[in-house]
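Presented sequentially are two complexes of subunit A, the first with subunit B as partner and the second with subunit C.
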Partner chain A sequence: MAEISFPLPDLGEGLIEATVLEWLVSPGDQVERNQPLVEVETSKSAVELPSPQAGKVVRTFGGAGDRITVGEPLIVFEVPDNTAGIVGTVPKDEAPTRRVRLSAVLDED
Partner chain B sequence: MSNSVLGFRQAHSPEGQAHSPEGQAHSPVAVMSMQQALNRALDEVLAENAKAVIFGEDCGRLGGVFRITDGLQAKYGEARVFDTPLAESGILGMSVGLAMAGFHPIPEVQFDGFAYPAINQIVCQIGRMNYRSRGTLPMPITLRVPSFGGIRAPEHHGESLEALFAHVPGLKVVSPSNPHEAYHLLKYAASRPDPVIFMEPKSRYWQKGEVGLANADAGGGSPTGAKVMRAGRHLTLVAWGAMVARCLQVAELAAEDGVDIEVLDVRWLKPIDAQALVTSVGKTRRAVVVHEAPLTSGLGAEVAQLITQGCFDTLKAPVERVTGFDVPYPSGDLEDEYIPNVDRILSGIQRVLEYRRG
Partner chain C sequence: MSGRHTGEMHSHTVEGTDPQLYVEVHDPASDAGLRPVLLLHGFSSSSKLNWHDTGWVAALLEAGRRIITVDLPGHGRSGAPEDMDSYSPSRIRADLLQIAFDAGVRPLHDGDPASGVDVVGYSLGARLAWEFGATQPEIVHRLVLGGPNIADPLAAFDLIAAQHYLADGTPIADESTAGLLKMAMLLPSNNIFALLSLVDAIKAEPFDPAEAVPHMPMLLVAGDQDERAATMPQLAELGIRAGSMAEQLTLPGRNHANAITSRAFKQGAIAFLGV
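Our next item is the complex of A and B:
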């Protein structure tokens, strides 16, 4: 297994920090990609941050009311070693199915 | 085939021992994925060459989005394994400066589609500096590029750029097809005084295979040139990267129909081992070349010409190409339609088998 840390992303508009309103997941939870992780509030708005990936939550940083700076750790996931990167999926190594058959007279001249 | 004929220059440092044929009898073998094999190769390169440095987007703390550089920053420190901004032109520009200053940069472009922003540095600087400086400023750069499709990724995350790179004078281009090749070809590339574009087939990162840690070729030989992955009598399938595994599957299917296929892994796309092509097709007298890249001006044309040049008198049919289509490399939902599948390759084989001189 490998741990992947996800920092608070740049939320745009030049904002450099956000305040945690409510965690929507807890350590031990298995989350899916794009599942809402946490609600945070900036000086502009309150937003739900979607999970960048699937995985098991190992740690979350900051409780309700705590301020987190952009780029600082927000959450750590545990993922199997054979998990794909930030995009894509691990292809299945399965036996191919065929429709085309070969027919040839193989003269050995 | 000798190194000089293939265009490999002598390294400034002595050749590594990893591919010494002497180690064959008792060579240790480990089963690992290509991911792990590449990680191990980089670990050993950093340990053996104090001038080697690794950098790219997420290569440091995260260990790479495909985990190829996993654990290396912790082991070798932030001065030798580090993260860069999202700026491929900067990653390759910095590589030029580091190479001039005597380092061996091993940069990563996170996905092949992001090599385009760096193309000026790759073509106009890295490819030419040795030539421009009359050999006083070699560019010992090993550029790792996770390449090709097969992982259902969005646009820009799966391309097939080998013909683009191979066309640039001064660059060498290689693509491993399995963990054993990945380990040895990366170690070899990182020992060279010349820039090498190292195209990692990302759809093969997770498949495991045996890696002979002491020798590059189980049957002897060298890490340069092409390699016969399966011997056969009736037809040669020529491929590289992820398509080698598919061609080996096709060879098994063809055997059910009584057709004995040889699979030649080209490995080095530049310089291409013309002698190996001619030796194989000189024996089988039929050839099909398979690649993911679009047909037009793809490397399949180069392969077909080299075979035709060397085997014209004995070929039983024109060399057939089974390739991607002349469209942008599609995103994941369409890649099964785009990448040559076993039926398209079998159909190409059938066309060659059916051909009769008119």
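Our next item is the complex of A and C:
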């Protein structure tokens, strides 16, 4: 078995840190990929982070009310040896990217 | 986990004009056979911020629910019409009704758990949900009202002060106005002038919950640190007096900004709507 550590991902909009609201998993839990891991709050909004990885939770960093900087460790998983060594990123379940703007910008016509 | 979804600009005209609202319909991978859930976000938010990023869409799909999300005018991916009428709460409710029917919502029918629609609203979305439930009893089955308030805080918004601030930086004296405007300006995707049009339209049609009270069962949810929802028990009382079943759920340690991600909130709503 090997361990994989994931940092707090870039939350966009130039945010550099987030405050932990509540962990939804505990050390020892077996989690699936995309299963909600933790709720965090930034200066702009509260978000739920899905798991980037299936595996057993070894450690979580920060309790409710603690601040974590983007890039600092957030969670460590234990995974079978042959799946370790992959640098992971937290996937986002993106909304459809199609964007329709109907407000005409007349000045540019 | 997530099934099919489609997102599109809603283009069915209502009363002769196109509301330019952005609608998404999400189908669960495994359908529980229950009616769809309409999600209404709050002021200065969007379906993405209020329902996707917070885990609501994933949790409802996991529970087998079909979901309809709508971005309010001037918010998210919806258009920002120039006419004031597009922002009035009554006009938005008419647009929501058209959107619900276009998404396949059918009138409630006894013994058919797939008929009708459940509505979940947060903050301003809770006000719209209350009014939508009160005026559309033939389609609304149950309501979940998050961060609800007996009076809309936007009705007391100082528009003149906000316009002065935007023009030349004159500080805003009213704390609530300053806070709301700051929140609105934090998100680059917000169209500030459209949001101010919405505030203006709300001032013309302030929330009067006693005027029309929903009779379907409702669940009211707020953080115990949420000052904007301190009047939640009064709203529940209005519902109960009108003969509705009104349950309340208080989330320890949560405020108006961070109650939305709460697992207890989601689980409470899913259980309440799972009948």
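Heads up, the rule we're going with is that the second predicted complex is superposed on the first by the 83 of 109 C-alpha atoms of A that agree within 3 Å, B and C clash if a C-alpha of one lies under 4 Å from a C-alpha of the other, contacts with A are read in each partner's own complex, and residues count from 1 in each chain.
Criterion: a residue touches a chain if its C-beta (ideal position, glycine included) is under 8 Å from a C-beta of that chain, and two chains touch if they have at least 3 such contacts.
The structure presented is a predicted model; accordingly, all values stated were derived computationally and were not measured.
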So, does A:Asn34 touch the first partner subunit B, the second partner subunit C, both, or neither? second
Where does A:Leu24 make contact in the superposed view: on subunit B (first), on subunit C (second), on both, or on neither? second
Once the shared chain is lined up, is A:Ala46 touching subunit B (first), subunit C (second), both, or neither of them? second
Go through the superposed model and pick first if A:Glu13 touches only subunit B, second if only subunit C, both, or neither. second
On subunit A, what residues does subunit B touch that subunit C touches as well? 93, 95-96, 98-103
In the complex, the residues of subunit C that touch subunit A are 1-2, 5-9, 18, 20, 22, 24, 45, 47-49, 52-55, 57-59, 77, 79-81, 186-188, 253-254, 257-258, 260-263
Interface residues, subunit A side, partner subunit C - complex: 13, 21-22, 24, 34, 36, 39, 41, 43-48, 50, 64, 93, 95-96, 98-103
Mind pulling up the subunit A residues that touch subunit B in the complex? 2, 4-5, 81-82, 84-91, 93, 95-104, 106
Show which residues of subunit B lie in contact with subunit A when the two form their complex. 33, 61-67, 70, 111, 150-154, 157-158, 202-203, 206-207, 234, 246, 249-250, 253-254, 257-259, 332, 341-343, 346-347, 349-350, 353-354
